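Some structures to go through are shown next.
Look at the two complexes coming up: chain A is in both, with chain B in one and chain C in the other.
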Partner chain A sequence: MAELPKKPFAWQKWVLGVVMVVGLIISAQATGTNLPMFFQNFGQFTIIFQQMLSPDWSYTAYVVDPLIETIKMAILGTTIGSVLAFPYALLVARNIVTNRWVVGIFRFILNVIRTIPDLLLAAIFVAIVGIGPVAGVITLAIFTFGMVGKLFYEAVETIDEGPIEAIKAAGAGKLEIIRFAVIPQVSNYFVSYVLYAFEINVRASTVLGYLGAGGIGVFLQRALSQFRYDRVGLMVLVIFVVVLVIDYVSGKLREALI
Partner chain B sequence: MKTSTLPDAPRAGRLRKWVLWIALILVIGWSFTGMPLLQIKDNAVEVAGAMFSGLIHPDWGYVWTGDGEDLVSTLLQTIAIAFIGTFISAIISLPFAFWAANTKHKNWLVSRSGKIILTAIRTFPEIVLALMFIKAVGPGAFAGVLAVGVHSVGMLAKLFSEAIENMDGGAGESVTAAGGNRLDVTMLASFPQLLPEFVSNTLYRFELAIRSASILGIIGAGGIGTPLIFAISARAWNRVGIILLGIILMVTLVDYVSGAIRKRLV
Partner chain C sequence: MQAKPVIKFDNVSKTYPNGAKGLKDINLEIMPGEFVVVVGLSGAGKSTLMRAVNRLHDITAGDIQIDGQSITQAKGKQLLEIRRNIGMIFQNFNLVKRATVLKNVLTGRVGYYPTWKMVFGLFSKGDKQRAYNALQQVELADKVYARADELSGGQQQRVSIARALTQEPKIILADEPVASLDPQTTKHVMDDLKRINQELGITVLINLHSVELAQTYGTRIIGIRDGEKVFDGPVASADEATISAIYSGGEEANG
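== the complex of A and B ==
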């Protein structure tokens, strides 16, 4: 009788499994994870949740202005970050700039920027420029720069080389190559990435205010520190609606612009 | 001599695009209104300079002091929060993923409701969640673990459900054709196809959880964020510098390792 071939001993899977288990045990100790304790105190959690489920509707009028400020912050941050990311991405794309050192160094800078979490940037810029939406705009601009820059240079590196060679053969310079052979191939990607960044920025901008960087987060922080969970509930609900609307608009814009 | 010209782009589409672009520029212009762009603090340059010099001269003494409050200990705690938080969220995500996956055996209303719940979880600000957990279990890393664990479900279950939707049905049909029952289909066809995808998604989420875990400390949920916010409010820029370097190094390392594993999986 024919037999199935034997599987080779999957030692890698075993190593991974052991690492996982040991990692979990160590992590549980390091973080003081105690799930029974959580379930004992689950009542506390549900009390807060119940308060949030009965939102303070009278507060709606007060959150409209900070909400508009939040959206403005997201628009400005996305715009500034994307405008900076566009030339930078061309600079770090291997098929545009052939100098390996230039590409390597600028790509390293981009990667470092991308590692810093958004709220951490907000904490730093609140310390530098002071409390207010400007710190939020700068934070979002840097965050967008890292994200769009990375996505866009990857798109630039996958373009078809044919048009570049063709117009190079016709005597085009570097700028003409970028203008007539590169940009037409990647502009749709760029628009799509910018809109994607905008969606993420709207979500991010709602909490930046928690650290003083403007927008509805400031009010969120105030309500949380006053234990007004009914107001927190209202704001979470309003943020949810705004995010849904923005996602919808951004989806429609993507269809229209591309 | 006749010069040839390029044909014009279709009129109607061009006009629509122009209108859209103008509207977009107007919206951006509107966003500038009411922004106190010039009202930044007088000593902003000074602070930025101090911060920059702190970055160049980091407080090396903070790297390891042995009291459990130093850079290495809090960074390890941050990784631990992300690790166990992601693990918890992967487990919670499984049922949610099967709920939200739009497969042909199921009423679309069911998957639609699952998707809406996942969107709601994704939108719920992680900081608010962490504060709620701090109320329940007290400040510390455990609250951070719970916040990461619950918040990550929104995205992870979405990725899982997409993997289920994109699964190739052929393998399952072959098992059925060879006389396998439903359990056989699950164990021999679905599970082997989904596992690498699930592990890859979980690792990706882990990379993001590392970033969340390093900021949740700002509100007292453990990890590197706590010493960071103390250092910022005390204007101890040398310490801020070393903590930033530590975070950048940690995130880069985790991204690299996790990315290398993911590349081998898929």
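== the complex of A and C ==
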């Protein structure tokens, strides 16, 4: 019997490992990363954290309205973005539109939209439409459009093609095919993705206010610049609870859908 | 007066974009009320032949006429109207699994409505009744509001027969309708198709794997080998030698 041959030396893996470690060290040096400094400031962190731990409860009444505004922004942005994303997703799904060029071009546009960070969008729209929730809504709408559009068309592309063939054989045109063979197969996913986008948008919109795009973020930014960490603590707590509740409810709904 | 063929193939060929031959110069006439079984090896071109009839697949040469009208040359609305008269049944049933049985059956009527009505899903009361009648014919009236995926394979296939019936077609194409069913449900589905053929006079063109089934239910057998029609005649005349010739030396082709 032949002896079990030795496992060949995986030199590629070793080279790759060494390259990665060296790369990490070089990039840390190039950007001036200083780990000790990070811990030097740790003392300050505990001071701020202590202040945040004793929230200014009297501020609660002032926080409710901007918080509602934040949620409103999220609802509006999610709705507008999703409504636009729906027909667009059908346009870029390969099994619905067979023209490669149409799909290619519109998919490229969608990809470009998705690569723009939401904070950058917010900064742009605060500059265009001015400080306030409108900038936030537009930002969230575009952000939602990019994300949900991609999720939508991927869902459309995974459907069972059988019903499409069947309804086509019955003499249906394109719109009827979409209506009776595509939508019934994906509608639950669509609703689920919209809820998911809403969850993300509630979280994102709290930060957007920071750039002047309305909602509770504006108050958060004000409190931070006034070093009122007790108020910051309160807002963080309130946002945390609200986001948690919305995530939980929406998560349960999505579970029920799929 | 001589009856006119309901399906007529004139020198029909199909070459796939990659050069593979799907169908080779097929001539065929099917008369109203026939129960024609197409047999052959997998990949011989049976499915392609089926899908050529209602133009789910385009052919590359020749002409196909449905009831005297060329489907090959039909455009737009005309094509949809010809398709409306041809029901189709598939191996995998092709139902929308999340939708109710009724909704699935109703989609057979889609070809009879203007698009805007369909976008809102506005089916008439008469058509809902028609769908229910079709379900009664396949003995699934009690499942009308069940979700399609709650049904067994055999039941789903009968729902798809009901969908085809709701179309009130002149022809029913059945592409391997029993290939994924057990022997008992196979018999049930085949009996349903036979009854539809005899009682409603609907022409049936069906693909089958099993020669035995072909001989039990068919009135006429067409043998396809390598995209060519190698046999065409009444069931009685298809003896063992003919059958083994159909199933011999089949090289893999598309379709």
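By our rule, the second predicted complex is superposed on the first by the 237 of 258 C-alpha atoms of A that agree within 3 Å, B and C clash if a C-alpha of one lies under 4 Å from a C-alpha of the other, contacts with A are read in each partner's own complex, and residues count from 1 in each chain.
Everything that follows uses one rule, which is that contacts are C-beta pairs under 8 Å (C-beta built on N, C-alpha and C of every residue); 3 or more make two chains touch, one makes a residue touch a chain.
What you are looking at is a predicted structure, and each value in this text was computed from that prediction instead of being measured.
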Partner chain(s) touched by A:I124 [first = chain B, second = chain C, both, neither]: first
Which superposed partner A:F38 touches (first chain B, second chain C, both, neither): first
Greater chain A contact set [chain C / chain B]: B
Touched partner set for A:K168, first chain B, second chain C, both or neither: second
Which superposed partner A:Q185 touches (first chain B, second chain C, both, neither): second
Chain A-facing residues of chain C, complex: 54, 56, 80-84, 86-88, 90, 92-99, 103, 107-111, 115, 118-119, 121, 160, 163-164, 167, 173
In the complex, chain A residues that touch chain C: 160, 162-163, 165-173, 175-176, 179-181, 184-185, 188
Of chain A, residues touching chain B in the complex: 23-24, 26-28, 30-34, 37-38, 41-42, 44-45, 48-49, 69, 71-72, 75-76, 79, 111-112, 115-120, 123-124, 127-130, 132-134, 137, 203, 206-207, 210-211, 220, 224, 232, 236, 239-240, 243-244, 253, 256-257
Interfacial residue positions of chain B with respect to chain A in the complex: 16-17, 20, 27-28, 30-37, 39-41, 44, 47-48, 51, 76-77, 79-81, 83-84, 87, 119-120, 123-128, 131-133, 135-137, 140-142, 144-146, 211-212, 214-215, 218-219, 222, 225, 228-229, 232, 235, 240, 244, 247-248, 251-252, 255
